[in-house]
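So, here's a batch of structures to check.
There are two complexes below, and they share subunit A, which is joined by subunit B in the first and by subunit C in the second.
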Partner chain A sequence: MMNLPEHVVFMEKVQSVEHIVHQGKEPQRVLKEISLLIRRGQVWGFNGSSRLEVKLLLEIIANIRPYNSGRCVLIERGMPQHKRIILNHVFYIGSSEMMYNNMNVLEFLMFVTAKSKINKVELQEQIFEFLIDSGLGHISLTSNNLLTQEEKAVILLTAAAYSNSLIIVFNLPEYEFDEILVPAIAKIAAWISQKGKTIILGTTDCLLIEKACSHTGILFNGKIIYADTVEDFRQKFDKVEVIVSDKNIIAMMDILAILLPDHKLSIKNNRLMISRSGSAESDPGMIYQMITSFGWIPERLEVNPKTVQNAYEELIQQHDL
Partner chain B sequence: MIYRDNYFRKELRQAYTENRTSKRRKISSALFLGLFSFALFFVLQTIQESVLADIVPQILQPSFFSTITIYIHIAFIFNTVFFIFYYDYLFFAEIRRNSWYLLIQMGYRPIIMLFSKLSALLYSVFLVYSGGFLFTIFLTIFLKYTLILAYMPTLYLAGLTDIFLISILALTFSLYTQTVVNARYWIFLSAILILILKITLRQYNILSNRVSMQNLYNLFDLSLSPYMAVGFGIMVICCLTCLIRAKNLAKYYSLNSSQFSLPANAAVIYLDSKTGKQILVGNRKSPLWHSKIIATTTTVFLIVFICAALVFNVFVILINTSTPGQEVSIRGVIPFVFRSATMEPEIRLNDLAYFQKIDNQYPVAEGDIILFREDNLVYVERVIEKTGKRLTVDIDKYPPMSQPGAMLKTVPREYVQGIYVGRNRWLGALILFANTIIGRLLLLLVPAILLFYHAQIYGYFKKDKSKG
Partner chain C sequence: MSSTKYTTPEQIAEMRRELLHEKHKLHKLQGQDLSWKSRLPSGKSMIQLSSWIVFSALVLLLVTSIISINLAKNRGEIPNIWGFQLFSVESGSMEPTLPIGSLIVSRIPKEPGSLTIGDIVTFRTISGIIVTHRIIEVIFNYDGTVAYRTKGDNPKNSPDPELLTEDRVIGLLVAKIPLT
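== the complex of A and B ==
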């Protein structure tokens, strides 16, 4: 892995050929001036206001669809003229249909990894243990035709992890992964990343990005409005510091508006959200002290864990305005 | 258990999740085919004395030749249906589903997969066909017919060629058809095409001749029929096409399975910035009128078939209730299943004969065949002489060992109830079949099942369409 290129995807002002047409409106280009740099070993999760934008961006990255203008370079080698041609360094998963239904999960994984030079007995043990570690042990001997399309997709990702491809593109923004599959994807993604490979996920699930990705890219109206680390994204855009729950939440909000003039207060799902305003740093401990000094103890007060979901909503809201 | 699967073994498994199940399925299919052909032979024996004896005598004779001829046709139909049902597993649909993309990424070689798929398919059909062939022979031994080995290899090879041909044709079409539904239509059309080829290239002339079938080389004699040469030619061309096309398709990721999720009122287009030309991409769903045509055709076909089957059943019941003295007349015509050879060759055994109902004023001429009643018995005989109000009648053919002129009689004109106007040999055979237990079950059960499950049948076509 020492001689591998550092920059695995480089995009500069890439524009899609595809336009979207809404009834009675002018055609709009789906992707506009996309610039992006993805490095080796990173785990990227792309989300956006439209699944089409996410799907198309990842298809362009994987050389599945052509682009209109701009520059796109894969692992510092450029981009082939022939689209959809199989590239050894890119493993693209665009649907779960590629799975064979007439075998079970473990058998399928053994079948697709049959060309691997690892001893078959060891390989089977390794795959089986990996499935158990990923929380997929319960489906390891299930027939593939009984799996959901999301489960199939995760098994395909496991297979991709065993390939020699440097970039794995998991482009399924239309799929909804449950609480069992999200940690499984996170586990597989971490393993892929450990091997020095890059994984790019297309999803509309913020939790998946939070659990599995080191980096995220957010698309809005065909443009990338954010592309950096997940941690930075959460800290920067999820401005809620403290969440307060109480029966008299509205009365409490009026009082806190006076006590915390530098903070923004809002009620969401019967919970009071106390956010910092602007980019100023805020201390949750200080907020707690302010509330208790008033002699009033709320039923529940928690420090916001900073989620990708909140950050995403905040970012989209900013751009929607 | 350690899984050590390879591509050939996966292909041999076909639609089943276990190799063992697949092996059992192949054995049971072979046994079923043999048994079914044997049973069909007995069913056909019940309508032996009908038009079928003239048209397809090779399947009605009490010999090994008949049971095996039935078997090779049944095996062909079975394989066609099997291919249509399990198209997804047997042919190259997996390339379009990108299953090969996955395998190629994992180190598999397309050329090896191509040959494995072809050889596994041919090996499977060969195994089932040969097993069924042997089982049919085994069952026929119990009938104690004379075993003539000379025509066995010829019959075996003729049947095997047809099955290999349909297999390779289906394999080739699967590389060109975009949807599963279209591929199934193509398999069905290929089967029809093979049957047409066999008729037009005089292959059936050899197959129906027990003497010529005793020489294997007759199958390959171009002066007798070029079918085998044409068949082998098609197979070679198809194999080469598969090789080139499959190798080419396997180089690319297929976008068939990749669909954009769009709002209902939106579409994705390619827009040429220079010319402003718009091309619709993705989500190429079949237009609404197309689905409507499929739905309407299926519904109309079901309705027509069910109604025709019910009407035919009523017709059969009416004819069966027609007893001497109580002949049933339909719009002035008395249909009558003629269960005698006494009027041959004009009316043959088990023909459905039509007699026009006449009154006493109708002029009956010499040479007419009439239906008359005497002593509460119904007779059909030809008028050979007319004297005033009396008619002299006789039958056309006396059975062997009977005394000629025994049926010659003179009947008064008022006894005449109908005059012969025509016959239908095929309808006669069908009524004969309808009156057997199997026929009764089929003709009543099939429409009843269709009527009961019409929603499911319609749903199946609809589901396939959406899948396509």
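== the complex of A and C ==
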């Protein structure tokens, strides 16, 4: 493998040139004092309360948008503040309209990998099997003009995976990926990461972050309010321990409020969420025992698997207050 | 290209069969290659080898030329490389054939006594000046020696007053390099 630099993106107090105007208020910068460090081989997913903020941040990272102040270093090379060029080592996907419509998916991928030194028959087989393995077999020979924009975007990500670029910026927070495409992205991202490359996704889909990313960054009001591993994010902010489903959920909540005074109870989608309050650890087994000791068996009781979605909602709620 | 939106399992299976077939063909070809082709250097390495030989030859030629020119200059001789000499034309006596400023390549004649009319020769005059003119007449002397009457091509010129003897012939024109 090439001798790749360890620090891929380094940002220090970066402020955007763009401003946002709220009625009756002073114009504010869209991004304020962004500090970030992304290392080689990591898969980052950026989410936030505003798609504009996410999109803009990734554009600055890809060096296609100027920034007003601060310091930004890409692959250990300083990025000039005002000179905007797509660098060779960045594969930027900001739209899915980059695909040729007169080809099918496999033909397109063969076309973009034409420079590869691997034998064409073997390469074609490799790409074809990779598509099938990633769960994209159903579109592997489909004409590009029949694909949805999300499907096109995933094919472009596959093309990026086969490129020599060290950073892949997948900046499509406005796209909604379905349950077939999310695992496909996760698979491709894992392969990219294995090759020592870095992938940065802009998305508002928490599930995509959960499935595909090793790290996440959360933007709120132009600032990064969280930037660390996905695992840490889930454990730290998804405080729901147990989820209880039952017909008499409201009555149960009243009783449990007395039995579990150290816990926070809330109803969401007809399900009772039992969360720990504060930073104290709680034991789901103990909660279950307490419910059953009361002589009452709920229809369904499950230990919360800790999701990015819940963690995200909790974090945003904390900052919104 | 598929006319339906999704690729069917049948299409995938067909594609796999096609790829497998192509791979078999490829392996067959590679097997044949091993029999005789692989023993020869590939086209790319042949080109690299040839380029290297040409480059080395050019460098060698340049180095030997520089050494021989300097040695000849030190000895007060006219420098030559493998019998070829280079002169620059400084007067208009041979215009329009040899314009002022052009370079001429001459070679030392093997038999200076057998030059013919029309040959352009570089020679040393009795006073020691190097001149390039055309032979317009060959004169055979009674003692068996040969002399040449020379003249510049410029119509203004008249034939040179002194006859050229074979011992003063330096070179016979081979080519001209018009730099102006």
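In the analysis below, the second predicted complex is superposed on the first by the 310 of 321 C-alpha atoms of A that agree within 3 Å, B and C clash if a C-alpha of one lies under 4 Å from a C-alpha of the other, contacts with A are read in each partner's own complex, and residues count from 1 in each chain.
Rule of thumb we're sticking to: a residue touches a chain if its C-beta (ideal position, glycine included) is under 8 Å from a C-beta of that chain, and two chains touch if they have at least 3 such contacts.
Just so we're clear, the structure is a prediction, and the values are computed from it rather than from any experiment.
*Asks:* Taking the superposition as given, does A:Q124 touch the first partner, subunit B, the second, subunit C, both, or neither?
*Replies:* Both subunit B and subunit C are touched by A:Q124.
*Asks:* For A:I132, decide between first (touching subunit B), second (touching subunit C), both and neither.
*Replies:* second
*Asks:* I'd like to know which partner A:S143 touches here: subunit B for first, subunit C for second, both or neither.
*Replies:* It touches subunit B and subunit C both.
*Asks:* Between subunit B (first) and subunit C (second), which, if any, makes contact with A:N104: first, second, both or neither?
*Replies:* both
*Asks:* Between subunit B (first) and subunit C (second), which does A:I267 come into contact with in this model arrangement: first, second, both, or neither?
*Replies:* A:I267 contacts neither subunit B nor subunit C.
*Asks:* First (subunit B), second (subunit C), both or neither: which does A:I20 touch?
*Replies:* first
*Asks:* In the superposed arrangement, does A:A257 touch subunit B (first), subunit C (second), both or neither?
*Replies:* neither
*Asks:* Who contacts more of subunit A, subunit B or subunit C?
*Replies:* More residues of subunit A are touched by B.
*Asks:* Which subunit A residues come up in both lists, the one for subunit B and the one for subunit C?
*Replies:* Comparing the two interfaces on subunit A, one with subunit B and one with subunit C, the shared residues are 103-104, 106-107, 121, 124, 143.
*Asks:* Taking the complex as given, what residues does subunit C use to touch subunit A?
*Replies:* 1-7, 11-12, 15-16, 19, 22-23, 26
*Asks:* Can you list the residues on subunit A that touch subunit C in the complex?
*Replies:* Per the touch definition, subunit A meets subunit C at residues 103-104, 106-107, 119, 121-122, 124-125, 128, 132, 137-143, 146.
*Asks:* Sort out for me which residues of subunit A touch subunit B in the complex.
*Replies:* Within the complex, subunit A touches subunit B at residues 17-23, 27, 29-30, 51-52, 55-56, 59, 62, 64-65, 68, 84-86, 88, 91-92, 94-95, 97-100, 102-104, 106-107, 110-116, 120-121, 124, 143, 145, 156, 159-160, 162-165, 173-174.
*Asks:* List the residues on subunit B that touch subunit A in their complex, please.
*Replies:* The touching residues are 2-6, 10, 13-17, 89, 94, 97-99, 101-108, 250-255, 257-258, 260-263, 265-271, 273, 278, 281-282.
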